[in-house]
Amino acid sequence: MLKYKLNETDLQNALANLSGWTVKEGNLHKEYNFASFGEAMGWMVSVAIYAEKIEHHPTWLNIYNLVRVDLVTHDLGNVISNLDVELAHQMNQLAENKGYRG
Amino acid sequence: MLKYKLNETDLQNALANLSGWTVKEGNLHKEYNFASFGEAMGWMVSVAIYAEKIEHHPTWLNIYNLVRVDLVTHDLGNVISNLDVELAHQMNQLAENKGYRG
Amino acid sequence: MLKYKLNETDLQNALANLSGWTVKEGNLHKEYNFASFGEAMGWMVSVAIYAEKIEHHPTWLNIYNLVRVDLVTHDLGNVISNLDVELAHQMNQLAENKGYRG
Amino acid sequence: MLKYKLNETDLQNALANLSGWTVKEGNLHKEYNFASFGEAMGWMVSVAIYAEKIEHHPTWLNIYNLVRVDLVTHDLGNVISNLDVELAHQMNQLAENKGYRG
């Protein structure tokens, strides 16, 4: 997948559509709170399956029902790239939408 | 946790409150469809964490975004028990409710 | 990834190198026994991450520490393909090798 | 499960039997390296199932195939307890032993 650094305008536009995400110490950053440890872990697994598919992985810390995520693109020199935004969108969607269809 | 066979009345009452669950060949049965394979696996993990906690485990088949579940209590002689109902409720809740709090 | 039906010779050669796998009702089949439910689930997650990456998914049944796997390629008309063999190899490796490096 | 602070002697004895674990900033600490991201995530899931069962959860950071773990007992006032040692043992066992039985 094509991978490129976002310029400041594109980054600000991306953030405007990424609920809860900020730039913190050069990373795309968000803290997720789930209803339980089990739901935090289930979400991490669904994100992990997606992350491996796009070959772009998060730095994430779990404490019980909380997951703190930092996204940055190491192989472009620790910049925020389109893949970080892509993964952030997918994380929000997997957290906010029910995956259950019936 | 106390484990006991449900009589027919209690089983019918339980089923009335368990959306999508039926009795099939002596098991409590449901088929879940998720939006993706990743969401099916994430749900299985959150259920697994709960199942191990109550020491009551499902028989479940996964094909892509689908999970077919059968619940029965082997050590009471393959009857449907209160623990099967408990696990079915938790499965529905983990599928239907967003675990995400903010 | 290129996907093709295996001819009988290639299938027999593949099976000779796939410990524990047989052909059963037209599927590549194996039953895995783990030391615990938690280890069965952990293995399923590591396999799932790989399966999604190669876009080839198993049919698998879990009962406590046991996982019964059937592999077949639906979109080639339910034949055994190189991707089934690939996934079977990865499943064995993830079960048999310690992933821990230190 | 009974939960109690370890005195210095008991803590040193415990560490002698916990390969790779040290005390770092008041926490029981270890960094695990796995062969792949998928194996790191699978291990985390098998640990999570155990952690929830004993109602004692890690603080852990994942970056690709690496998992950094800190264990401490918050509700005894951030001391290292028998449950931290218990969880550390289980983490080592799940990382070092093959869970596969055949």
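Lettered A, B, C and D in written order, each chain numbered from 1.
One rule holds for everything that comes next: contacts are C-beta pairs under 8 Å (C-beta built on N, C-alpha and C of every residue); 3 or more make two chains touch, one makes a residue touch a chain.
Everything numeric here is computed off the predicted structure, so don't read it as measured data.
When the C-beta pairs in contact are tallied for B-C and for A-B, the bigger tally goes to A-B. Remark: subunit A and subunit C have CA centroids separated by 30 Å (rounded to whole angstrom).
Centre-to-centre separation between subunit A and subunit B, using Cα means, comes to 30 Å.
Centroid to centroid, with C-alpha atoms defining each point, subunit B and subunit C lie 26 Å apart.
Contact of a single residue of subunit C with at least two other chains is seen at positions 37-38, 41, 44-45, 48-50, 52.
Chain contacts here are complete: no pair of chains fails to touch. On the subunit D side of its complex with subunit C, the touching residues are 20, 32-47, 49-50, 65, 94-102.
Within the complex formed with subunit D, the residues of subunit B that make contact are 45, 48-50, 52-53.
Note for the complex: subunit D touches subunit A at residues 37-38, 41, 44-45, 48, 51-52, 57-64.
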